[in-house]
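Structure incoming, see below.
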């Protein structure tokens, strides 16, 4: 795998163009390689027969690792292959040859030792357990570290392992969001690495937009004016608008993981609530399937519980996106910090009366500043801008919010 | 089947074997005219005469030596120790001669001698008459030790002991002589070195022998009322130890309690525990428990004697410890 | 006694003497290890007494057993191989010096615990009487064994049950380093038998013919009418108790030993034979050389005999 760019540490063999046994001329395109910047052809440096291809299509390989051998048809390439085999695949450079593995000499048992005595089990990891419990856990593939001991001195006993196994079988995965993992492309990997290098650990960037809230506030007032008043706050409207926008832009309802970006299938919006001693973020779950009225009602109850500190753990964990509204605190605009592992957070300021030029004339309209903080490993500026536009659209054309 | 007393079963074994083979003789204190201190040899003098049922002076070393010497010229002696406490006096003959002559002579001589008698405490017999010395004998390389708990086992094992060609210590029990049990009719033997599961269960393995076997069974009854089902194994032979039977049981139950009347330190239970630990290490959910006599000589006072020895309560507590209750 | 029979006695004694001398040498060369107790000076007792027996009579003794074993007819080669710890030994090397056994020749062992075999001798006699067999058993022991409990228990049982055992006390005056006067309340050991109403007598243990005569009489009586007897044979050992014990300087003076050497049973008997013209000096020399040759063969045999294989360790523990 050649180092095709200055920053390249590994490449992906996307597709081999040649096969083992093919006659190669110098300059022939052997394979398509994806680097950290682009997709390029790997060209042969010399002529010969392509004797061996060592990695299949779609392999990620460190720069410098052997991926194919071109040689004369009868040349002995076994030593070359052996060396390649012994080299550690994770090394950036050809690894130094490790010492040849020597088989352990068979132990001679003295004639006196009675036959058939079982050997001692491997040493423990420091967890105290009865031998039976250890064996049961091993056989069930259960990590002893997850078992609660009830025996003396913190000993895990058979009953504890049985308990753990029963619980494991019975317990449904309640608060874990269901997700789909898409592997990172090379470009994405690079951006992630570079952005982290400049702003570890989450590389933030910020995009601000101003939203005209006239129509939204009108809707709010009309709902409150009905014979059976429906109480909806600005926050509720924003939450509903976010739910719609997040449905259209799922990359903002995602999390950066090393193995790829996790796209959450449900939208759980956390709403920051300030308390005297700090911040708590109650979570409205499954916003994608709830209408405005339902969200408003749930939010009201949730925020009440938050303020009286009666929230259950599953009510303040598991958010996939967060909202922070400091409008009531007379803040015009601010930038929030993303709560990991979310990809973004929306910070909303106060609604102010501001002069706006419309059709050549100055009008006074109620306006609100929104700032979206984004994880640059997951999303880019252009996407953030579009996301905010969508959000703006939902709030400026609020009839859509009333739809189920 | 016939219901017999333990002592009657032994008597039958002796009688039948002595009829079978006139090289067999019985020797010991009071075995003849007195009919045996515990009546095990009742009627034997009458049937076989003073040539084959021989009363001795109080000379354990002397008459054990006689037995061994007689074995050296082809006889098959059964030497009775009035109690095994007195066998201490004969230890030189047993340990240095009976067990060693075959080996030292390079196999030129066999010593088919059975040394039998009651072992273990009885009631208020005080320190010198109440010892359980089986672990002393078990320790000696080349010596087998048998300790039956029931009439059926007693008869079958005594016959086996008499018929084989090596020195055997055969431990009976003063408290066992008058227990009753079913005994098969006719000539039968029970193999040496085979334990027997006297009661099946899945929760804990209780290992015992001799008088303690009966206690173990009583404890198992009490435990089953509480929903704990003990598997009670009667060793019958202490050495050679039937380890496979014990291992199969602890693999099933994951717990073991050993009950013995001897002292704890270097008791037979210590050997059992170490072998089980080594060969069935990952079967155990709890450490192996032992219930033994406390580290004291046996006192005379009844209440103190009872305190010193294993009790049902101590056994049940030990079982519960293995269950973490 | 016929001339050739007397010469046979001499031959036996000289074989034992040369054998034991060689043992001392072999021990010094570390070919014999552990404890080695030599019979030098006491030959007349074993040879005289055992010559009075039939081949199927039994002999049992303590740890100073080379002489008795050879006198009972054991092959010196197999005795030496046993001392060397080799497979060709009487006991495959598992007994050693103190535990020679040749059951085929009715030599029922050497035993290391002082007095322990006296109980066994009583048992052998019991077994013989039980089976109505005409044989007897000779039980040799030193005067140091007389105070032991097992001695008294056995004497009592033998007398009580009238068992055909001849107890021969080889009184060589010293139990290891302790002279008999400091170990026994009575000096005339034979009188111990009085406590059991047992027949007894004392004989000069340095006089092979005297010993033989005494035993012939006793054994004849014993066969007709089983009963035990106690014979004290007064003898002397010229070497120390064992190879670890010096011959003199510790508890004996050299003068005492030199004085005793004048009564060397082999020399005494040799003079007797030449005086009576039973043998010439040359003949005696020949016999001595023959003995030395036989001992040399024994050493060669022992040297060539391989050590027993490791599996032998576990053999003969039990059947």
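We just call them A, B and C in the order they show up, numbering each chain from 1.
In this section, a contact is a pair of C-beta atoms (placed from the backbone, for glycine too) under 8 Å apart; a residue touches a chain by one contact, two chains touch by 3 or more.
The model shown is predicted, which means the values in this text are computed figures rather than measured ones.
Among the chain pairs here, which one is joined by the most contacts?
Greatest number of C-beta pairs in contact occurs for B-C.
Using C-alpha centroids, which chain lies at the maximum separation from subunit C?
Checked the centroid distances; the maximum from subunit C is A.
How big is the gap, in whole Å, between where the Cα atoms of subunit B centre and where those of subunit C centre?
Chain centroid spacing, subunit B to subunit C, equals 41 Å.
Could you state the distance in Å from the CA-based centre of subunit A to that of subunit B?
71
Using mean CA coordinates as chain centres, what's the subunit A-subunit C distance in Å?
About 97 Å separates the centre of subunit A from that of subunit C.
In subunit B, what residues contact two or more other chains?
Residue numbers touching two or more other chains: none in subunit B.
If we count contacts the way the header does, which residues on subunit A are in touch with subunit B in the complex?
117-118, 120-121, 130-135, 150-152, 157-159
Residue numbers of subunit B touching subunit C in their complex, please.
Result: residues 25, 51, 56-57, 59, 61-75, 92-93, 96-97, 101-110, 141-142, 144, 164-166 of subunit B touch subunit C.
Spell out the residues on subunit B that touch subunit A in their complex, using ranges where they run on.
254, 278-279, 281-286, 324
Please give the residue numbers of subunit C that touch subunit B in the complex, ascending.
Residues in contact with subunit B: 58, 89-95, 99, 101-104, 108-109, 111-113, 116-128, 130-131, 149-150, 153-154, 156-157, 160, 315-319.
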